Structure formats: C-alpha cells, structure tokens
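Report on the structure given below.
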Amino acid sequence: MSFPLLTATAAVPAIGAIATAAVPAARRTAAKWLALLFSLATLVLAAVVAVRFEAGAKGPFQLTESHSWIRDFGVRYELGVDGIAVALIALTALLIPFVILAGWHDADPLEAPAPNRRWRPTQGFFALILAVEAMVVISFEATDVFLFYLFFEAMLIPMYFLIGGFGDRAGADGEERSAKLRSQAAVKFLLYNLAGGLIMLAAVIGLYAATADQLGSGTFSLTEIVQARADGKLELGTGTERLLFLGFFFAFAVKAPLWPLHTWLPGAMGESTAPVAVLITAVVDKVGTFAMLRFCLQLFPEASSWATPVILVLALISILYGALLAVGQRDIKRLVAYASISHFGFIIMGIFAMTSQGQGGATLYMVNHGISTAALMLVAGFLISRRGSRLIADYGGVQKVAPVLAGTFLVGGLATLSLPGLAPFVSEFLVLVGTFSRYPAVGIVATVGIVLAALYVLVLYQRTMTGPVKAEVRTMPDLKARELAVVAPLIALLLFLGVYPKPLTDLVNPAVDHTLSVVDRHDPRPDVAVKADAEAAK
Amino acid sequence: MENLIALLVAAPLAGAALLLCGGRRLDRAGHWIGTLLALGSFALAVPLFTELLGRDAEHRTLHQHLFSWIPVGGFQADVAFQLDQLSMTFVLLITGVGSLIHIYSIGYMEHDERRRRFFGYLNLFLAAMLLLVLADNYLLLYVGWEGVGLASYLLIGFWQHKPSAATAAKKAFLVNRVGDVGLSIAIMLMFTTFGTFAFGPVLGAAGETSEGKLTAIGVMLLLAACGKSAQVPLQSWLGDAMEGPTPVSALIHAATMVTAGVYLITRSGAIFNGAPDAQTAVVVVGAVTLLFGAIVGCAKDDIKKALAGSTMSQIGYMILAAGLGPIGYAFAIMHLVTHGFFKAGLFLGAGSVMHGMNDEVDMRRYGGLRKYMPVTFITFGLGYLAIIGFPGLSGFFSKDKIIEAAFAKGGTEGWILGGAALLGAAITAFYMTRVMLMTFFGEERWRKAPTPSPAEPSVEPAAETRGEYTPPHPHESPRSMTIPMILLAVGSVFAGGLFSINEAFVTWLEPVTSVDHGHPPLSASAITTATIVVMVLGVGLACLQYGRKPVPAVAPRGSLLTRAARRDLLQDDFNHVVLVRGGGELTRALVQLDHSVVDGAVNGTAASMGGLSGRLRQAQNGFARSYAVQMLGGAAVLIAVTLLMRGV
Amino acid sequence: MTTTSLAAAASTGEAVQFWILGTVAVIGALCTILMRRAVHSALSLAGTMIVLAVFYLANGAYFLGIVQIVVYTGAIMMLFLFVVMLVGVTAADSLKETLKGQRWLAAACGLGFGILLIAGIGNASLRHFNGLGEANAGGNVQGLAALIFTKYVFAFEVTGALLITAAVGAMVLTHRERTEREKTQREQSEARIREGKQIPPLPAPGVYARHNAVDVPGLLPDGTPSELTVNPTLRERGQIRDVSGAALDELKALEQRSEERLGRSEEAKR
Amino acid sequence: MNPVNYLYLAALLFTIGAAGVLIRRNAIVVFMCIELMLNACNLAFVVFSRMHGNLDGQIIAFFTMVVAAAEVVVGLAIIVSIFRTRHTASVDDASLMKL
C-alpha cells in the first residue's frame, strides 16, 4: 500500500479549512496566511500528482486507491485519475492560492460595523474557500459514482455561504439591498443545483439497481460498470440507459451551465465577490463539464450518441445567446458571467463532437477558460473595489490613470476573446475544428461566437478604459504589489500555454482516446486520405 | 542559416516584451531600443536574402522547425517557418520600411509621453507581421494574422482619450475579426479535406480534391483577405483607421498589414488555380474595390482619408492581379512592393505636413506649402508621380503590368477588367493631383481663420477657433523624419525600374508563383500608351478644377456622388443601420427575454410552490387533535395500502 | 378453569361470557368517550378494564388477568381519579366541537380505520387455533417467568430502567423548586401587619353553620356567607356550597321557638 | 364460537379509543382513551398468544402494561403541571406546536 497521494491532495485543503476556521477571531491575518499556506501545500501535492502520473501508461486510471466503504451497498472509496482529471486538479490547485490572495481583504470586517452591516468573519471566508477546493479535488478524483455524487452535492454548501455571505463592499446600491440580492442569488444557486443533483441521485440509484440486478452484487464503481458493459455482462435497455443518461446530464448541465439552465450563474457571479465568482465559474462549474466526459460518456455511450444532436444545438444556443447577452449587459461581472456561459457552450460542444480534437480541445478549454476568466474577473474585481460600482457606465478613461490595471484587463479580455498566442485560442480552435470535422454546419455557426466575443470584450474595454477620464476615476490608484502578484502569473501562464500547450495536450490525449474508444467513435478521415484509400482499393 | 529565421521574429518580439513590460524606467531609452531591434531584424534579413540569391532557383526555400505546437490526434500544428522568395520579399519590405518608419516616429512622437509604449506596439506589429509571412502553415499564419490585427487595434487607438480613436480601433478589430472567421473556416476545411494545413502538403495535394471544396476554401480565404486588406465589402474600417498616428497609417495601413490579403491569396495560388469560380470572385472584389477606393479618394478633404482611399484602390489593383492567377501573382506582389514604398512615402509626407501645420488634416486649410517645407514637397511629389504611374517611376511599371494582365485575362472579362483598371488609373491620377495641388500649391488658405463647415463632419478644425486665430507656422520637419522620407522617395523612384530589368522580380518569384505570360488582345505598347493617356487626362482634369480657380476653404455641397463619396459611399450608414442598430435591438430584446422568459419560468415555478405551501401550512394549526386526525388517517391509508397489496 | 378448556374452539360457556361481557366492554368504552364528566369516564373505563381482565383469564393469561385488575384497575385508574379530583371533579367540559370539521374527520377516519382493521382481521387466515395447553402446562406464571428472565431479560431490564425514569420524571415535572427560603411564622405575621388587611388568621369555614365541611363558607353574624373562609382553589372552581339561605331559615325558626318558650315563662311570673 | 371474535372486539375497542382521542378536549379523558387503545392491543396480544400456543404474546402485553404505567405517570404529571400554570386541562388551549 503506497502513500495515498490522491487522498492527501484532497485532505490537505480540508485540514486547512478546519485549521483556518479554528483561528481565533482576533488573529485575522494569521488565518489568511494559514489558508494561503495550505493552498500552496495543495498546489505542491497536485504538482507531485502531475509528475507521478505517466501519460502513456496503460489502463484508464492511475494512482488508484480503493477501500470498501458501505459494504452493503457496494459503495467504495475509489480514487483514480486520468489525464483530464490531473489537468483539472492542477488547475484547481493553481487557482485557489490566487483566489485567496485576490480576496485578501474581501472578508475583512468593515471598520466601525454599523448595525445594518453584518460582521464578516474572515476565518470563515477562507475556510470555506479551502473546503470548496477539497471537495472539488476529490470529485475530480472519485471513480465511484456514489462518492462523486456525494461531494458533487456537498460542494453546494460552502458555495452557498460564500455567495450569500460575502459581497462587494457597498455596491452601487446600499449594503442593505445588495445583501438582499446576494441572498437571493445564493438561494437560486442552491435550488438550481439541488434540483439537478436530486434528479441525478435518482439516476444514480437507478444505475445501482440495474447493476445489483444483473451483476448480482450492486456496485457504483465506474471501472467495474464500464468493464461489465464492455463484456456485455451489464445490459441496460435502450430506454433505461437514455433515462439514466438524462438524469446524469441534467445535473451536469445545470452545473455547467447549459442554456436554458443558466440563469443562476449571472446572479451568483454578479452578487458575489470577484474571487468567489472565479471560484464558481473557473473551478466549481468545471466539475459539471468534467463529469460529462467521465460519467455521461463512459457510462452511457449509446445514449450519449443518441442525445448528441440536441445537446449540440443547446450548446450552440448557449454560445450565441451568452455572447449576445454579454454584449447587452451593463454590469461588468454579469458581462463576464454571460461570456462564461458562451464559453461553456464551446466546451460542451467540444465534448459531444465526439472527436479527439473536440474533446481534447474541450479539456484544454476547461483549463484555459479557468485561467483566462480568473485573470479577467480578478482584475475587474480590483477595478470594482476601487470605484465601488459594477456598472460599466461609471467608468471611463481608466487607461490614463491606471495603465497597468488597464493593460492586464486588456490581456484578460483578449484571452477571453481567444486571441491567438494566448491559451484559450488553442482550445477554442481545437473545439471548432473537432466539431467542424464531424458537424460542419455546427462548426460554422459557432464561429459567429468568435466575432461576438470580440464585440463584447472590446466594447467593455472601450467603455471602461478608454475615452476621457471620468471625474470619479481620476484618483484611482494603479495595481498594488499584491494584486500584481495575482495577475502577473496568470497572464504569464496564459502566454505560456498559448505558445507551448504540448505538455497539456500530451497529458490529455490518452485519456481522450480512451473515452472515445469507450464511446466507440473515431475521428473522420480527411477526404484526400479517403480518396487515396479508394484508389488503393482499386 | 535556417536558424536565423526565428530570430527575425524574435528580435522585434523581444523588443515589444521589453518595452511593454519594462515600465517607466525605460521611458528615456524606449524608442532607441525599439528602433534598434527593428533595424536588427532588417540586418538579419539581408544575409538571408544574399543566402537565397546564392542558391539556385529550385533550392531557395529554407525551413526551420521550432517545436510541435498543438498535437491532438490527426491535428498536428507546428511552430515552423518557411522562408522562400515570396516570404523573403515581404520580410525585406516589412523590416526595411518598418525600420524607416521607426526612425521617422522618433521625431514624430517626440512630444508624446507614451512614446515607449508606441514603439512597443510597433515592434509587436513587426513581429506579428513577420510571423504572418514566415509561417509554414496556415494556423501559424493565422496567429500572425490576428497578431497584426491586435497591433493595429492598439495603434489605431493609441490616443485612447479620443473617443473617435477608440471607436475606430474597435471597428477595425471587429471587421478584421469577421475576415478572420473566414480564415479559420478555411483552415477547418483544409483540415477536413487534406488532414493538414501546412503549406507544402495542402498546396501539393490541392489537385486531388473536388473543385467544390477548393472553391469553398478559396472563397473563405477571400473573405479573410477582404477583412485584412480593406476590400469591399469589409473596407469600412480603413478610413476610420486614420485616427491612428500617421506613422502607423504609413506602416500598417499602407505599406504592410493591409497587403497581407494579397500575400494570402498569392500564397494559396494552388488552391485558387483549381477553383476558377473563386478566382472570379477575387477579381470582381478587386475591380470593385479599386474603383470604390478611387472614388472615395476623390471626395475626401482629410488628407489622410484621401490617401486611405487611394490605398484601398491600389490594393484593389493587387487583389485583381492576384485573382488573375499565374498571369498576375508576380505583378501583384511587385505592385505591392512599389506601393509599399511610395504610399509609405506619401503618408510620411502627409504626416510631416500635419506636423508642420500643428495637426491640421483638412486639405482645404493647406495650400502653397511647397516653399515652407521643400523636402517634404519633393519627396511627396516623387511619391505622387510614382503612384499616378508617371513613366519611368516604379508605380508605372507595376501598375502597367497589372493592367496588361487584366486585359490578358481574355474575352469580355478581360475587356471589363482592363477597362476598370484603366479607369482606376485615370481617377488615381485625378485625386492624387488634387491632393498635390490643394496641399502644396495655390493660395495659403491657412492664414485666414477657419469657418467650421457643416458639410464635412469628419473634419474637426485644429487649433481652437475660440479667440483670435493664430495661423500655424509651417516648417520643415526634423532630420529624423525627413531622412526616411527621402529614402522612401528614392525607393519609389527606382524600385519599379530595378525590378523590371529583364523581369528580375518575376523570375525571382517564379518558383513560388508559377508565372505564365498571357497574351493580351492589344500589344503591350498599346496598353502602355493607353495608361499614360488616361493618366494625363486625370491630371489635366484635376489641374482644371483645382489649379485654375482657387480652392474654397469650406467644402462646397457638391454633387450627389461627391456627398456619397464623402460618406464612404454610404457604406458606414448601411452598417450602422443594419448591424449596429439592429444588433442593439436584438441584444436588448434578448436581455429582456432572458429576464422575463427563461428566468421568469423558473421564478414562476418558485412562486407557485410558495403559494402551494402557503395553502398547505394551514393544515398545521397547532392543535394536537387535528394532528392526531391526520395521523389516524395516515394509519388508515397505510392499512388500506397493505391490504390492497395483499390483494383484497 | 383448567388448561384443557383452552382448546382451539372455545366452549359455549365462554361464548356466552364473551357476548355478555363484550357488550359491557363496548358500552363501557363508549361511555368513556361520551361522558361529559371526567370521573364518569374514568369509572366506565375501569369497568371496561375489569371486563378485559376477565377475558385475559378466559384466554389463559391468568397472570395478566390479575395484573390487569391490580395494576390497571387498581393503580392506574386510581391515579387517574386522583388527578381528576385535583383538576376538579364537578368540572364538566362541553362536548361542543371547537375545531372546524374535526368531528366529521374524526368520525370518517375512525370509521374507515375500524372497518379496515376488521376487514384485515377478517381476511387474515386465523382459522386454526392451537390453545395454550402445553404452553401453560407448567403453570402460566412459571411459563412467563421463564420467558421474561431468559429470552426477554434485556427488554425486562430496560423496562425497569424506563419505570425508574418515569418515576423520576414525574417527580421532576410536578415538583416545584423553592425560589426563596421558607418564611418563618414571625416573618409572615410581620408581613401581614405591614399589609394591614386581615391581620388575624383566616376564619375557619362553617363556624356559624352547623356544618364543618371545607366547601361550606362560614356565615357572618348577619348570616351572609364569607368567601374568605373557603379554600381559594374551591373558590376558583366555584365549588362553594352556599348554605346561607338554609342556615338563616333555621336561625329564624330557632328564635321563634325560643320566644315562645320565653313568653310562656313570663306569663308564669305574673 | 371462534376466538377470533376477541380480535374483532379488540379492533372495536381500539377504534373507539382512537375516536375518543380525536373528539375529547379534556387531556385526562384523552389519556383514558389512550389507555383504552393500549388495552385493546393487549387483548389482541393475549388472543394471539392463545392462537399460536406460546406465551410471547402475553409477555408483550405485560411489557405494554408496564410501559403504559410509566406513560400514565409521566403524562398525568405533565397534565398537572400544565393545569397549575394555565388552570385548564383542555388540549386545545395548549396549541404550542404552532410557532
């Protein structure tokens, strides 16, 4: 029994959460440093995982751990990672320190707390963030459906408190109103995801029943089920399989979020602080798309192929719809939220294009979108914290007074519109190519999203950063050292992954190929090659 | 030797990184660093050129493979460079003209506190443009393609405090993005058709696939070219792009970037050769644009906008030539190079004029400047002669060849295209003469206070008209600005001649762009004479209108066509009505929809649930006995169920 | 009765006994829920329980039968009666329903429930009875004991614990903790003086009447009853038996008679 | 006669008791009704034990009695304390379950 690396990766932030929460109220700074320390430790462990993982090795999962947990129901504590999981774990572990650093002062108790202002315990804020990290990591690792479901749902609790408990200082409207909106947003988030989760629970139980029925002893283990299906031991009827698939997919589509299940996201991201917004869209939502790849496709191959057309259309709608609404937003954060909806449309489209480019691209997209959104959103957060307003109209000419801030903001924006040379371009183009090679029409329509992305990003930049300097903005300070320390590495990463994504692709490709082989779909061959084959045949 | 290719790109890229991330401490040295790195890149290009010359024609292609960029399944994108005659030509043009304009900018941007950043952007542009022409596959080309778009966005909007500049920058990027979509779709098509998008395999295998596919790819490439090269219908951004500093207009929007479309089409010659329909589309676009641009150029009073129109029409010539296929490729590139010289020269001249006239751009506020800024006058004049195709100057050779090629297309098509080209030449002569006369000859209109004209909204009077008017003091520009102008003038005088000495240029390009000499229905000499004749006509007409009678300081209302031309032939108004306003309505409607319908449905469900629970909670009246009733009822139900289960 | 009499089919005697006592039991039960006064309910319930005890015996549960009589009818019902007394014997609560529709619901549920129950029993296959012959062979009590102290010993212990807990709980619930030290007689008298009203101890009830029941108020010299003399609890419940009227009449009669006698004596003097 | 009748009787008594619980407001009477229900159950147990010819049923009945005793003790104590504080023994007045 070797060292349980994966468990450790999930356990460290969990312990960190407890430790941070235990710090006495007076020692706020200590709590912050503690949280940062633990998040960095997690990052180190994640790096170790990435190193110990051999991309080329046989078998779908590596570094596996397996212990019996609830024997009567065949629930096992099974962990294992494939390339996709490793990439996403790395992303999570990488982003959290920046989130913590960016939110350094977000949870400070307001000086002279008036009665209508709630006391905001710093410890709680950082502890919750770490808790979310732990749960996300373990749901990336879980290869037991039940285990995954457990943490997939449990994630909602800390997220709920993060959204509902901590907002921007003194929004454009008074603290009272923003607090109300905040709690509404939090409740909406919770209800949406719970609804999805419950439907998924039904599907999980259904799956268990099926296995218990046909394999003799029921199991939740992904590998076992996939194996059994491959061997024909486990025969789900077409109808059953489709129902189960829909049950799973619904939950993931809510989390992802896919049109028309998206309306919780803008509220949640708009009302919560920028770091929490990043946590939502860059980390938590990724679990949804990741689970589509790992569970929907591998557990229900036929059903996935069956549902593909509808899902592609929905994804397409998400892309265009999200982009158009982003253009129409007056609130910076909501704009980013709608942009994210558009991007998630791309990810889902890539996943269900069922080509190695599409799925590989989608996986890269998850990582890159995480980084780019983090960069854009965090800078936006810094901007908002300076002016105390989320409305685009309240800004103008920032570029003149705070060039560095404007520059980083622009880079984040360019990443969001996936400019070549920055990471998101690679993934977006892969997704487009992958989709195009199987569904040309879909691919072409999706390219409209590229133009719209340029539109909303540039409009945002023009209205906030350029033009004559607004009076309220005139005294705005430029980025501080801490903020720069947050943004600079992210931008560097964006550049690096844009120029040299090979490490990531090498990591992801085998996993994608395995998924495709499970689904039993293969890339379409180029015409010329096909023609050549035909000639060879003659 | 191959390993130097990457350095070509790396040098300016490093400069950009250094200047943009360097911070204020580089403010003093910034422009020198930028210029040096540009020159360094040029210095690298020269030995490579000699190297190529040293080899024999077949082996004049260098490859450098840096690393595998995006390997996913069958999708293999590499970061690899290919330097052949075509790329080499561009590299020399870009680095050469680029370096000159760097030098020019040192003087021009002297008083701008953000000069360091300006040079950073310029270097960034150089890097991207070099990447564009050096890439050995379409995806890497795409990177450069969007890179130059970014650079031009940053440079057009360099004076961001001016809303007009910011808007123009945004517009440029967006219109380009539309073109880029074309390019990306073309790449996807290549991938699905050939399984790769590297130049070698794709162009090699072009023959093996259906004509339909090739046409599709070709049209998509054309769309991309239209976006980048400001061809109809995506030309609207170029006029506004003149908001940028004049060196930018000279480098990006005259000499290099806007010609990327020509490069793309020439580079993809093999594909177009296989798709005649696509070629037809190209020539049509080219012909239309060259007339469109010329007409617009006649109407503009803003000197830079007039030149922009001319750029548009000159690129129209190139596209036309490129669309003609092997007859025209070489001449397209040749005209591109010569145009690079003289148009850059003209822009720099215009810039120097504005520099001396404290940033006045309205030609109606110029006049008789020749004795105040002689060097500018001479260089500008040489550029002028070159562009109108004065015999012996470079413009003459390149344009004449294109017109010949157009006729050589043969059939009515040939006649139409040739006619259009000739007409274009005439108009070119007309509006360039107009510019020349209004700027350097005639009375000195700038002495009187301006009267802001309602007819011409695009002209904002310079030095505040409030209070008493202090006329500008026209003066010659500093050495750093005049020297590049002189060099460019030299280029625009002799380049064409040099290239045409026993067709050196054509033979040089032949291995890349298969050249064949069409047989025009008329003899070459006849066409040449025709060209000269129409040129003289145009000049004469302009002299009659602007030389004889004094130019009104306020633009007259003008004919319908003139007014349309001033408004870019209403193309912007069309965009505004259809795209901007329509799009605005659409988004507003969607925001409403999202709030009321999509979200509303959810909230509605929630509300109904609330109502239901409100009704249910009345059962919870707190009286133990009614709870007891419910319990008993429940028990009864349970018993009933069990009984039913056991089948009563 | 002997163990043999507990065969599957009950004897005729038992049948007669069942029908008679069963009716009694049902009537008792109905009275329990229909009587307006708690006391009557309690008594009729006791009746039902005794009948049940008899049935236990008839079913061979001799021990239970006795326990039923001793514990239930003897102890528990008495406990009930005590509480009833405490709360008020005469207080009769109205049977008028206050909750809307409660009665109908109750009727419906009860009826449905009963019907279902009986239906359930009805179609349960309970034809075959094997009596307690051998089970009670060694004596019923011995049999129970054997089971309780072997098979059910744990439950037994737990029940014991439960009983103790219940006892303690009852004490805790009913016991009132003193908040302050008990007042000495001196302090009480001082308090009385300080208040000023009713300095002497309260008058005993029924002093002037020929009564000495606590619920009869004493009469003031003019014959009117004095509330003070009655226990406040009774006063609250309005359970004061006012005898003042009768007492006054008696007084009048007494005076009359005495006058007569006195009058006669005066005549004798003259 | 078939001893099953005892069961019918038990059912009847139980139902009556339940109805009593539902319609009476006096807590004490309600308690009595509960006792009635318990007794009905006991009767059923006893009859069952006779039916199956073993004593377990009686044991259960016995335990039921003990538990009933405990319950009565506590319940009456509660009633008394409620009466002390609110001077009433009506269950409707104690509608504290509704917040």
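Some observations on this one:
Per-chain residue numbering starts at 1, and chain names A, B, C and D are given in the order in which the chains are listed.
Basically, a contact is a pair of C-beta atoms (placed from the backbone, for glycine too) under 8 Å apart; a residue touches a chain by one contact, two chains touch by 3 or more.
None of these values were measured; they are calculated from a predicted model.
The chains touching subunit B as well as subunit C are D. Across the two interfaces under comparison, C-D and B-D, the one joined by more C-beta contacts turns out to be C-D. Rounded to whole angstrom units, the spacing between the C-alpha centres of subunit C and subunit D is 16. Rounded to whole angstrom, the centroid-to-centroid distance between subunit A and subunit C, based on C-alpha atoms, equals 72 Å. Rounded to whole angstrom, the centroid-to-centroid distance between subunit B and subunit D, based on C-alpha atoms, equals 94 Å. Rounded to a whole number, the gap between the C-alpha centres of subunit A and subunit B is 37 angstrom.
Touching of two or more other chains is recorded for residues 18, 22-23, 25, 92 of subunit D. Shared interface positions of subunit C, defined as residues touching 2 or more other chains, are 99, 102, 105-106, 109-110, 113, 117. Along subunit B, residues 621, 623, 625, 629, 632 each make contact with two or more other chains. Taken pair by pair, the chains that touch are A-B, B-C, B-D, C-D. Subunit C makes touch with subunit B in their complex at residues 99, 102, 105-106, 109-110, 112-113, 116-117, 119-120, 123. Residue ranges of subunit D in contact with subunit B, taken from their complex: 18, 21-23, 25, 91-92, 94-98. Within the complex formed with subunit C, the residues of subunit B that make contact are 621, 623, 625-626, 629, 632-633, 635-636, 639-640, 642-643, 648.
On the side of subunit B, the complex with subunit D involves touching residues 620-625, 627-629, 632.
Per the touch definition, subunit A reaches subunit B in the complex via residues 188, 191-192, 259-260, 262-263, 321, 324-325, 327-329, 355-357, 360-361, 397, 399-400, 407, 414, 419-421, 425-426, 429-430, 432-434, 436-437, 440, 443-444, 447-448, 450-451, 454-455, 458-459, 462, 465-469, 499-502, 505-506, 509, 512-513, 523-529, 531-532.
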